[in-house]
Structure formats: structure tokens, C-alpha cells
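Heads up, the thing below is written out as C-alpha cells.
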Amino acid sequence: MQIAGTKELFARRSAPPGSHPGTFVLPPDTHSTSIRALIYREERSEERIVTSSEELATAANAPGVTWIEIQGLGDGSVLHWLRDALGVHPLAVSDLANTGQRPKFEDYGERDLIISQLVLANDDEDVSIEQVSIVVGPGWVVSVLERPLDVFEPIRDRIQSGTAMICRMAHDFLAYALLDAVVDSYFPFVEQVGDVLNDIEEEVTGRPDQRSLNQLHAVRRTLLTVHRVMWRQRDALSQIMRDERSPFGEAVRVYLRDLLDHAMQVLDSIETYREIGVGLSDLYYSSVSNRLNEVMRTLTVISTIFIPLTFLVGVYGMNFENMPELRTRWGYYVVWAVMIATAAMLLLWFRRRGWLERTGRPVRRDEE
Amino acid sequence: MQIAGTKELFARRSAPPGSHPGTFVLPPDTHSTSIRALIYREERSEERIVTSSEELATAANAPGVTWIEIQGLGDGSVLHWLRDALGVHPLAVSDLANTGQRPKFEDYGERDLIISQLVLANDDEDVSIEQVSIVVGPGWVVSVLERPLDVFEPIRDRIQSGTAMICRMAHDFLAYALLDAVVDSYFPFVEQVGDVLNDIEEEVTGRPDQRSLNQLHAVRRTLLTVHRVMWRQRDALSQIMRDERSPFGEAVRVYLRDLLDHAMQVLDSIETYREIGVGLSDLYYSSVSNRLNEVMRTLTVISTIFIPLTFLVGVYGMNFENMPELRTRWGYYVVWAVMIATAAMLLLWFRRRGWLERTGRPVRRDEE
Amino acid sequence: MQIAGTKELFARRSAPPGSHPGTFVLPPDTHSTSIRALIYREERSEERIVTSSEELATAANAPGVTWIEIQGLGDGSVLHWLRDALGVHPLAVSDLANTGQRPKFEDYGERDLIISQLVLANDDEDVSIEQVSIVVGPGWVVSVLERPLDVFEPIRDRIQSGTAMICRMAHDFLAYALLDAVVDSYFPFVEQVGDVLNDIEEEVTGRPDQRSLNQLHAVRRTLLTVHRVMWRQRDALSQIMRDERSPFGEAVRVYLRDLLDHAMQVLDSIETYREIGVGLSDLYYSSVSNRLNEVMRTLTVISTIFIPLTFLVGVYGMNFENMPELRTRWGYYVVWAVMIATAAMLLLWFRRRGWLERTGRPVRRDEE
Amino acid sequence: MQIAGTKELFARRSAPPGSHPGTFVLPPDTHSTSIRALIYREERSEERIVTSSEELATAANAPGVTWIEIQGLGDGSVLHWLRDALGVHPLAVSDLANTGQRPKFEDYGERDLIISQLVLANDDEDVSIEQVSIVVGPGWVVSVLERPLDVFEPIRDRIQSGTAMICRMAHDFLAYALLDAVVDSYFPFVEQVGDVLNDIEEEVTGRPDQRSLNQLHAVRRTLLTVHRVMWRQRDALSQIMRDERSPFGEAVRVYLRDLLDHAMQVLDSIETYREIGVGLSDLYYSSVSNRLNEVMRTLTVISTIFIPLTFLVGVYGMNFENMPELRTRWGYYVVWAVMIATAAMLLLWFRRRGWLERTGRPVRRDEE
Amino acid sequence: MQIAGTKELFARRSAPPGSHPGTFVLPPDTHSTSIRALIYREERSEERIVTSSEELATAANAPGVTWIEIQGLGDGSVLHWLRDALGVHPLAVSDLANTGQRPKFEDYGERDLIISQLVLANDDEDVSIEQVSIVVGPGWVVSVLERPLDVFEPIRDRIQSGTAMICRMAHDFLAYALLDAVVDSYFPFVEQVGDVLNDIEEEVTGRPDQRSLNQLHAVRRTLLTVHRVMWRQRDALSQIMRDERSPFGEAVRVYLRDLLDHAMQVLDSIETYREIGVGLSDLYYSSVSNRLNEVMRTLTVISTIFIPLTFLVGVYGMNFENMPELRTRWGYYVVWAVMIATAAMLLLWFRRRGWLERTGRPVRRDEE
């Protein structure tokens, strides 16, 4: 479970220090742009491919609700179109281009900007965070994704079905639906983290090695980042709800409250997982130190028994001419007896101290 | 003391991402549903089994206070009845179905939703958390339990007795009584945690092994989860008290304040236990490291005494032809004398450093 | 310095879950009850022993200020008298009976309830916390102690002297004086903790053993509990000061502010002690690990010197027929010279690395 | 990545205790002063070198916006000029001189003082923090740098180009642009920290040594200081935005909000890095303790195998006359057989316990 | 850097529990009292020695500003004079006597009490905290020091010079000047802590021993106490600024804001030092564990090489009659060859594992 490396984490594609505020710099590897406008009212809906600034203005001003979905920024001309044809504020446009923004809600008169972050947990345990920018204008909503993703497909299908509730609501409900899809993307992630932590827990209480710890470290770092992102998201959502100038009408507020509740549920899960992660680290260190204890006890028991015996046999290996014991008939056997008695006594002493018991391997799965 | 595994902790039975808000998905293993309506006013009370949407509406509109107790969700049709016959908001209905919600209070006009969580501490030390959903309408209260539990039996008995205070109060007092039963369920849990921590403390200060630590880990994780749930519960309760549109009248507020106080008492206990848990972890690690110290000291004392002696006897085991000492009359005895003196000096030195004292086993129970 | 065990800490003598709110259950080991009414105005004061509900009502309604001091709950009938004769709210009465409450201030119309907690630090280092409940009615104050304690004797003496300021003030000043006595009970406790921590510090920097750590653990747990209690007390006090419906008049407010200040001083001391406790734990672990280091260094120095020497003498203990060195005249002496040189070189190497210095015993008291 | 030493960190060049408030003391090593006034309106701009109090007043009062850029404090006479010719408050002047101030915004009537801190991350990994003081008067802005730095060059260029937006805005936009340049200086620093942490992570998971830890310690300390500075900066910025008497007009507020957002982004990054730093410390300790484990296991395996064998050969090195085994034909070979069997059994036992596996070296890069 | 011991830290010289509020108890070792009144207006100033209650009243009521400086409490009669002649509230008087109070601001009508704490860092690294109490009445200010200190000398000099700004301001500026002197006393302390931490850092990264740790422990405890005191001081200052009934006029508020800023700067420094202290502790433990690692590695390398060799020579020291190798011509030399080869192989294996490198001594100063 690995999020992007430390270095990439905060790679901010912004203009160089000192340049004019509102300037935007496109990332070096932009995806080619795709602009689709979906205009709907009640059961009717129409989809257009937008290829020019004029078409964009026409689509946005069409009667009904217009959803302009932008995927990929291409050469950035679409950003100029947004500024010129739809009247989006230059600072907002620069935020659309500079990905890696914090989730936020900013009120630019009648063109409100909502920045949010999607989490994608792939099967090969790579986690990535994608910026979703939403501009809410009068009667239209623009959503900007930096690369083609199908997160909004279900919403498109619902609109085109012509019967879903969304068709009968205003454009603010569309904006809500997009945000809802973003927050929903965290639930599979949370579930996956639960699975990974479960696996790590089994390893740690079983046979812990450095790899488990490295994995745990990666998971904790991922949780740290996602927690921060979600926290900001929650802030932005509750700001939207409190702000009386926000573009969301009374009818949609109850849904936003539900959305906020989902966000807090995700936060709760992440916080619990973070604390579980701390607990697992502790368990790991305890397991490791238990193994060291066991190793040292083994060494001590063996050494303590044999070192005195070796000394004893050394004594009778000396070559003094005058060593009367050597010439006795039973000397050899007496030495053996003494040695066996010494070893037995030491073993008894060790048992009394509990050093012969084995405590190194966790016993959780067997005994609980 | 073990709560459900990490994996199950946040298993959220919600609709797939992108689906329409308010959609609900029933859990795969629902219990068959049982709907009982208890209609009471003063000393009269009547209990009905509800089997259709119409019966539900009739019961709710009956004069007096109606308590509709739902246990198990069955095929989910009861949820549709709630929406259609009683006018419960679709988002509220979806929260009833999707268990694992955070405790909360949500105001949907005259149909207020209260989600709370019950804790069940079984004798075999399994702890489970059960969602209790309460919908408060005009003159009626719906309580939803996901599986048959007898937590509300005492309330039913009090109502049917006809003499308890609850019979003379409005439906908001019934809602309060249900919440009171939920919060009361935490006290046996708190007591049980106290017992378990006491046992662990005795083990840790006595003869600590990895099992104590694993148990402690489980208790701490359980406390972590229950703390989070109770914290949200307290939030919801104080929100109910502050909200002037909440369904609770002035007469019931003083009881709610008492309830909030109980909730804070539970929180206090849990927080104290969590800090005690941290302290026990520290004690455990200290005990373990003390044992390692003792083991190492034993090894060092034995080795340090015998290694030089073994060297000495090795010297006189050499086979040089010209070793004058070997041929002296008292050489052998002199060597013995030297060795005994060396050992005695070393022992003295060890005693002076305090290495012969035994500090490994905690002495708390004997000496304090 | 030991507070009651984990188990007893939160033993809440409350009614079983689901029972009617306001029910009270008497503890199994109540002390026999003693009710004294002290009625005073200016320099006159009269003391009565109260034995019935009627006498209670008469005393409370007597002109002047009436202080009803209850010690011990007996069979609980006094609680019924309070409810019936003085009009105390049932929930308040149940809080009087269920000891182990959190300190709090609750406004029940003209009968306000103040729950506070006294700390008793005995000479044999047992610390106990006792609930003091105060009910403030119109013209009278009831104080409830669960068992006979003499904390309020100085106040009684001051009243009976007839000249103290308290005699000229209204009943709210009496309530303040009682609270002041409760908060003052923490100062001797704080002083005692200081002494104990001083002793532990000397042990830890001198010759640390597991017993010091266990003692430290007990002190920290005691501080944890007392801190929590005092924190709640401070909350309750500042709530009393903010609440414009509180029974305390303007003239007494300045004294309450002084009292709040004392409470914060106690909190400050406890918080500082808690951090000092953490520091002492760290010092202990450092001392222990230093001793382990010293032990290991001793073992290593001895082993590293003698193991090669023992090998060498072993070589010349071999019985090969063709070992030319054995037959040389000076072989034996050359071997000794080699061995002495080796040992000297190793000792030199150890000294250069600083392994022969002694760092195990803390040097604080000698060198600072 | 090393910020100035602990000692220099808080070297406050302030007047001695007890001296008159508002007194300023110049640092011992001031740079010679350079004062440039840039007067601009729309596309016209004029730059003057200021050398006297009168020239300063004339420049400030010139029509259009005047930017007075001061680099170096010289003999401090410029500070007197500011006080006398421009009417800057004495306390504000003393803050200009006493560098090492906390970032803050102070409202002195129409001469507002903004203290902020620039971060400079050099290539040789030395980080320094430089105070930037800005005084905003009516129609003019004074910026004070303690030593010559080129951070404001891009702004000067933009103004002199005559076409940038800044030329058409009032003096408050100039103050904003200066603050924007200050905050922008943190982004290269953040990026550099990311690189350094990446390097340290590779070392720690590879072959950790004390140097990595010392480096990590230095980075964490730098982050600690920069975090504190940035935190205060954010406070000052949000205070400027909230304060209705702040010199920033409505038109500039939306830019300030963007600036505040950048500041929070920097804070987010720093906080994440700090937590990553903690994680790396933990990984380091774990690696070190793993290596110790491996070392001890090796010692134990070798010792445990050979110590008994050495004892055995010692037995048959004894010189007793009556040792029948010595005279048997196959005794020697039997001893060998016994020794090999013993060693094999011990090895088997070790393998079963997993002691022969190697877990010391982290495996992250190979296996993940 | 050592503050008073744990025991003395909270020695509160207050009246026994239960005594009348407002009672004061003088410390057992009061310094003899010295009362000086300084009456000034513009350039005129007059100093009087006050020896009676009447002189006190006369001086306070003299036209102009009167500063009454009390050093030492003597037999406490001065406290009675304050109460009787100047009308200071009894609770305020009791706070003057009971030193060890928390810094605070209390509003007693027109006689406001400000308690603050001075820090004194002596050259022999003893740190002490002294209470400074200030009472601000109409036209006069009383300052109380418990023992003779010269902290206020510079202010007296400034007043007597007749030209300083303070001479032209009202009595509230005098109170501010006293507070300013108190806060200024923290800057030398902060600087000294920086020096001490620098020294400790050098020791810890160089050759750490237990003494460094004890010193660090003392510094951290001192910082803990001073932080708490300064924190309360800041609270009191900001309370003075917010309180519209505070005795400070509009003209002095801007100076108070500057003072508050200084207090926050001190707090910032102390907090940074506290975190640096934590970092140094970690470095210490890491250094110690590195040394242990080095010791163990040395032992293991030596043991692992010589233990097998010693076994081998033991084999050929056996006295079996039938050991064919003993009688071969080159047996002895073959054994030597085998032993040298074994040792070389082991050394190679150790080098490959990196055990022969030396990582124990920190390399910071050489390599960075």
C-alpha cells in the first residue's frame, strides 16, 4: 500500500517565485484535452463535443443545466476559454492548472471554485490522489479532471436515463452529485487499508520481519496523506454549508449534510486505522525484543552451564607432576559426577527463574 | 476483551460509489423482521403486531403515544413502509439500512433521525457494537435494531405496568428513555474493562509474557473504538440539547442533561482506562528489559569469573618441555590458590557494583 | 502514593440499565446517617439534630441561614425527606446517592445541585476521593458527605464564633465557604506528591530498581485521576460563575473568582508534576540501559582479552609429536611474552575507545 | 539541511532590560544601507536613489505609488528618517531594527507594520531566515531587508515594464506583491526538504548509520523552526484579512485570500514532512535494533555449537591415569561422531526456530 | 541549569484549609521591609521613605504620579497599611502575601491587582522565579517584591532624569513600564538556555554520558516551569488588553500590545527549545545504543573467530592413544593452515556484512 514517494508528494507545478499572481504553468506531461458538454432538463438530454471557445459559451448558456466535463488540459487553451468565455476568475483558472492544491471552496462572485481530491486505490496497492476541480456558474457546472478517469460515468448514465432525481433538480444538485462521487471514492480505499492492516497484524503477531515494518510504514504514510486531504475536504464541505453565499440552494443542503457525514465517517475510519497502525508498530517492536530476549537466554543458559565445566576439565588437563587426584582410581568418575551435578543444579536454578520457558513466539492465535 | 477484527470494523454496507444518494443496500445476512407497535396513554396500553404498510400508518396515527419497535430488516420492505406510510426522508431511511453509521442527530423537518450505538460485552469477552436508530415523528417513535436484542424490554415493561412516569409523558420522553437504555449499556462494559485491566496489571507486574501484551493490545483497540463511538454519541446528544428545533420539549430537557452527564462519565472512564493502558504497556516493556538485564548480568558474572581461570589452567596444560613450574612440589596448589583468590576478588568487585543483587522480578506485591 | 485500584475506580453504584431515570440504589456499606442543622444570623447561631422529615422542613424554613449537614446516608430515608420536604428534584437526589459522580453544577430551578470531590491524602500514602454534594435552596444549604469527615469543622467553628465575616453574609456565602474547603483539601495532596516525586528522583538518579518504577507508575496514575477530577471541578466552578441564574450573588462572585484561581493553581501543579513524572520515567529507562551497557562492556573487555590467549595456550596443549616450538628452551617464556603483549595492546585499544571509563552510575549528586 | 545553530536562533538584538520601550539597538555587523525609491503610475515609472530625510519625504509624497526599498541598515540614520519624515511610530521603527521578530501585523493608525520572514535554502544545504519588514503608508510602501537580496527583483521588473497588472493598481497591491514574493520563497525550500528526506529514506532503509540520523535530526530541527515561522505568518495574514482597518482594499482581498491559501499549502507540506521525519526516525531505530539482533544471533549460534564441543574435547584432554576410553581403539572416532551429531542437531534446532534466516538487512527495494 | 527542586516548586504559603478566605500567612523567612514612595510629575520628582500608614496615604494622594515600591514584607504590617490606607481588597492583599501565585490580572474596582513572575538566571546556572505584584490605584502604583532586587532601578533612574517619556505620562504608563521590565527579564534567561543547549548538543553528538542526560533533564524541567509561568503571564496580559475596565488608557494600549508581542516571542523561543530538548534526548539514546551495538559487534567478531579455533586445538589436545594425525609429520602445520584459513574466511564474511566498519562514534563534526 504505497502512495507516491516523498519527493513527488508536494511537487507543485506553480509559476516561479515572484511571477505575477494568477499565472499558470502547465505540467510537462499533460494529457490531450477532451471537452464534453451535457445539457439536460427533465427527461431530455443532449451531449456535445466542444472544440472552441464559442461552442463552450453557447453550451453553457443553453437553457437547462449544462455540465461541461473536461478531461486533460492539453495545451491549456481550454483554460483560456474558461476565463474568456465563461468569466472564470484568473486566480481560479490558475488553481485549475496548478494541481496538487489543497481541497477548498472559494467564492468568486457567481463563479465558485471547489477543489477536491479523489483517491484511487489500484489493485497492485498503488494509491494515487487526483485533483477534481469544479466551477459552479449560473446554470452550468464545469468539472476538470487532469487525466481521463471514469469516476463520473454513473452520473452521466443517470442523467441520460432521464428518470433519475438528478434530472429534475437544478445545477447545484449536479455539483453535489459530483462531490458525492468524489467522497464515495474513499470507501473502497478504506476497505483496502483494512485488509492490508489485517494481513500485517497476522504477520506481526506471527513471524515479524523488517518487511512487515516497512509495509506498515508505507501504509501509515499513505494514511497520513489521505487523512490530511480528507480533513481539508471536510473543512471545505462544512464551509460550503455555512456560507450563505454558496451556490447550493436550500433543497440541496440536506444532501450536502449527508455528504459531510460520509466525509466524517471516512475520517473516523482513517483515524482509527492510524491508531491501529501505531499499536501494530508497538507490537512489532515487542516481538523483536522478545526474540532478542530468547536468543540471549539461550546463549546464557548454554554458556553458564558449560563454562564452569570446561574450566574443570581444564584443571585436570594441567601437566603438573604433583597432582595427586590424577592418580586415584576413581578420580575421573568423580569429576564426571561433579560435572553432572553442577549442570543439573544450574538447570534447576534456571527453571526456577523461568528461563527455560519459551516466551519468544507470540501465542495469540493458539491460546486466545 | 476483543472487538471485531480490523477488517470488519468499517465494513460499510453502502451502495456502490456513484449510485444515487439515498439508495440503500441491505446486508447479505439480514435477520427476519419483527414489527411491534405499542400504543399507550396514561395507564392504558395496547400492543399490535404490524404486518403491512397500512397497519403501520394506522398504529402511528392512533391517539396516544405509539412506539414502533422494529427488530431485523428482513427483505427491506419495512423501510419502504417507513418512507411511504410515515413520511420518513429517503436519506434517513438509507441511514437505517446502512448500519455502521456514526452516532448522529439529523433534523428532517418533523421526522428526526437519531443514530446511536449500543455496546454489548458478552461473558466470553467478545465486545460488539450494535446500531440503534430512532426516528421521532409527531406522536410516534420508531426504534430500529438490526437483530433481536432485549435491551428495551425494561422500558416495555414499565409502559405496560401503566404506573411508571413514562406513561404520563409525551412521545419525546419515550425517545429519551430509549437513548437512556443505550447509554446505560456502556456501564457494564466499563466495569468489565476495569476487571480485565486489573488482571493484566497483576500479570504484568508479576510474570509478564507476550500474551499479556497481546491482550492489552486488544483491550486498547477496543477502548479506542468504543471511545470514538461514545464521543460521537456525546456530540449528538449535546447537539440535540442545543438545537431549538429538536423534538424534545422543555420537560424532557432536564433528563437529557442527566443523560449527557452519564455519557461524559462513560467517556471519562474510557479515557482514564486508555491512559492506564499506556502505563501498563510501559510497565511491560520495563519488566521485559529488566529480565534481559538480569540474564545478561548472570552471563557476565559467570563468564568473567571463569574465562580468566580457564585461561590459567590452559597455560599449565601446555606441553613445553621447559616449564619449571610444572615440576615444583606445590605448583598445583599454588595455582588453585591463585584461582580461588581471583574468583573471590571478582565476586567482591561484582558485589560492590551491585551486580549480584536481584532486581529482575518486580517486587510490588511483596514490598508495598 | 496509591489511589484505589483500577477496578474500584469507576465502580458506579447506579441502578441497573433500563431502570427508571432518577432511581437511586444505596451502596451496600452505607454509614449510619447523622443530620445536623445549624441556623444562624449575625452573631446568633443554633444547632439542632434532625430526625424527621418535618424537623428538616422546619429547620430549613427558620429565619436566617440554615446549614443542613448530612454525613452518611443510612437507609436512604434522608434522601426521601430531601425530595419531599425540601423539594429537591428526583434526578438531583439520585445524584446524591450515586457517588462517584463527576463534579458538576446543575440548575434545577431554585434548588441547585453542586457535586464536588474532596481528596484525602493519608499518611500511609493512600489517597482517596470523597464526593461532597451541596444543594443550595432559598435560604438554606444542604451538604452531603458519604461518611463522617471533619473537613467542615473550621467553618462550623467560624459560624459559631459569631464574629466571622460568614455570619454577616447570606446563604450563598456559606455554599462558597464549603466549596473553598473542598478545593483547599487539594493543597496538602499536592505537597505530598511533591515529596514523593522528590524521593523517587533521588532513587532514580542514584540506584534505580523496578520498585521505583512501580512507585512512579502509582503516582502517575493517582495524578491522572486527580487531574481529571480537578479539571471537571474547574469546569463546574467557571460554569457557576458564568451562569446568570446561579444562586451566587454579586457580593460572593469575587470570592468565587478567587476560588477558581486556586483550582487553576492546583491544576497547574498537577500538570507540572505529570510532566516531571514523564521525565523521571525517561531517566529511569536511561539509567537501566546505561547499566546494561556497562555490564556488556565488562563482558566484552574480559572476553576479548582472554579468548585469544586461551586459544594460544590451547595451541601448545596439542599433542602432535612434531611440534618443534615445544622443545626449544625459551618457547614457554616467549609465549608468555606474546600473551602479555597482546593483552596490553587490547587494553590500550579499549582505553582509546573509552571502554574502560565508567559511565554507568549517574554522577549527578557528586558532580553538579 | 542545516539551519543556524541553537545559540544563534534566538539571538535577539534588543535593548537591555529596563531601557525605554521603543529604543532600538543596531546589530554589530550591519550592511551599508541602500535606499531606492521607485515611483510609478500606470506605464510611467521613475527610480531615485535616496540619500537624505528630505529626499525620502519628497519621494513618498510624489503622485502615484512610491515603493521605498531599503537594503541594509547602515548606521541606523535611515530609521530616524522613517520616524521623522514619514511619521512611522517609534515602536514600529524599533521592530524594524530588532530583527528576529515574529511575523506579525500591527496597526499604527495610517502607518501599518507587517513583519514577515523569508526562507533562503542555499545549494550547500544551509537554510537561513531573513526578516522582511513592510510599512504601508498612504500612497507609499517601505520594504526593509537587513542585507542585500534580490527577492524583489521580479516585482521591480514587472513595474518597470509598465504593462503588468501591478502598474494599474494602488499601493496596497504593491504590499501584497511583496508578501507574495515572501511566501513564494518557501516553495523551493519545501521541494529541497523533499529531496533530502528522500535521500535519507534510501539510506535508512539501506545501510543506516549515525550520520543519517544526525542529518535527519538537522532536517527535523529546521522544519520545526520554519513551521513556527510560517505558522505565525499565516496568523498575521489571516489577521490582515479579518481586520477591517487593514490597509488592503476590497480589490486586493481576493489576492490575499489566494496568498493565505499558499501559506496553508506550505504549512501542510511542512507538517507532512515532520510526520515523515518521525516515521524515518522510527525506521532507523528499527534497522539498528535489527542489526543488533542479527549480531547477537550469530554469536549465539556459533557459541552454542562450539561451547559444548570444546567441553567434550576438554574432557578427553584430562590427564587422569585411569580413563578407559582413552585406550580404546575407536574412542577418538566415536568422539568425533558424537560431536558432529551434536552440532547437526543444534543446527537443526536453530533452523526450526528461524535463527538461521537472515532478517537484518531491510528488503524493501528488492521485494516491493 | 537548575530550577528549585520539585518539592519547593509548589510550596504555597497559604493559610491552612478551612480558614477564612482572604487570610494571609507570612512566609517564615521574610526579608525586612523597605517602602519607598517616588512622586513625580513632568521633570519634578521626589523620593520619600515611608514608615507609617499615614505617610503611605499622604504619598499616594500627593498630586502627580506616585510609585510606592515595597521590597520585603517584614512583619506584614505594610499589608495592613495597604488594606486600610489605600483601600486594597483583602483578597488582593492575601495574594500579595501568598507568593507562588499564578500570574493573573484581577479587577477589584479601582484597585486592580496584577501578579507577575520574574525570572532570574544567575551565573552559577541557578534559575529562580520571583513574584512581582503590582496594584494600580487612582494616580498611584504599588509594586511589591518579596526580597530586595534591583530590577526596577533603570525605571527609577529614567523617572529621576526628568526627561524620559515616562515622566510625561500618567500612572498607567508606570505600571506598563514595570511589567515591561518583568518581561524583559526573560530574554537573558532564554539566551542562557540557548548556550546550555548548545553545550549539551556538542557533548551528546560527541561523547555522551549520563551527566549530559541529567543536565538535559534539568534544563527541560526548568523550561517546563518557565513555560507554564510565561503562558499564564501572556494570558494575563491579553486579558488586560481585552478588558475595557482595565486601568490602562488608550495611549498605553499600543505599548501593551508591544509587550504582549515580546511575551509571545519568549514563549516561541521556549517552545522551540523544548522541542530541541526532546530531539537531543533522542540523539542521546541513539548514541548510547550505537555504542552498545559497537561493543556487541566487537565481542561477536572476536568470539566467532576464536571459539572454533579453540575447539580445534582442543581436539588435538585430547589424550586418546589412537589418534593417527598426531603422529604425522605435517599434522601440526596443517592444523595451523586450517585455522588461518578459517579465520580469514570469517573475517571476509564479517567484512561483507559490514561488521568491521566503525559506526559507533557520531561523525557529525568531521563529515558535515
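Each chain carries a letter (A, B, C, D and E) given by its place in the written order, and its residues are counted from 1.
Going forward, contacts are C-beta pairs under 8 Å (C-beta built on N, C-alpha and C of every residue); 3 or more make two chains touch, one makes a residue touch a chain.
Computed from a prediction, not measured in an experiment: that's the story for all the values here.
**Student:** Can you give the rotation angle that fits chain C onto its twin chain D by Cα atoms, in degrees and rounded to the nearest 5?
**Tutor:** 145
**Student:** On a C-alpha centroid basis, what's the spacing between chain B and chain E, in Å?
**Tutor:** About 41 Å, centre to centre.
**Student:** For chain D versus chain E, what separation do you get between their C-alpha means, in angstrom?
**Tutor:** Chain D and chain E have C-alpha centres separated by 25 Å.
**Student:** Please set out, as single numbers or ranges, the residues of chain C touching at least two other chains.
**Tutor:** 289, 292, 296, 299, 303, 307, 310, 314, 317-319, 323
**Student:** What order results when the ring of chains is traversed from chain A, passing next through chain D?
**Tutor:** From chain A, continuing first to chain D, the chains appear as A, D, E, C, B.
**Student:** Quick check on the complex: what are the chain B residues that touch chain A?
**Tutor:** 2, 5-7, 9-12, 14, 17-21, 89, 91, 101-102, 104, 106, 108, 207, 209-211, 213-215, 217, 220-221, 224-225, 228, 232, 281, 284-285, 288-289, 291-292, 295-296, 298-299, 302-303, 306-307, 309-310, 313-314, 316-319, 323, 325-332, 335
**Student:** Would you mind writing out the residues of chain A in touch with chain B in their complex?
**Tutor:** It comes out as residues 151-155, 158, 164-166, 177, 180-181, 184-185, 187-188, 190-191, 194-195, 197-198, 201, 205, 254-255, 257-259, 261, 264-265, 268-269, 271-273, 275-276, 279, 282-283, 286-287, 289-290, 292-293, 296-297, 299-300, 303-304, 307-308, 310-311, 314-315, 317-323, 354-355, 359-364, 367-368.
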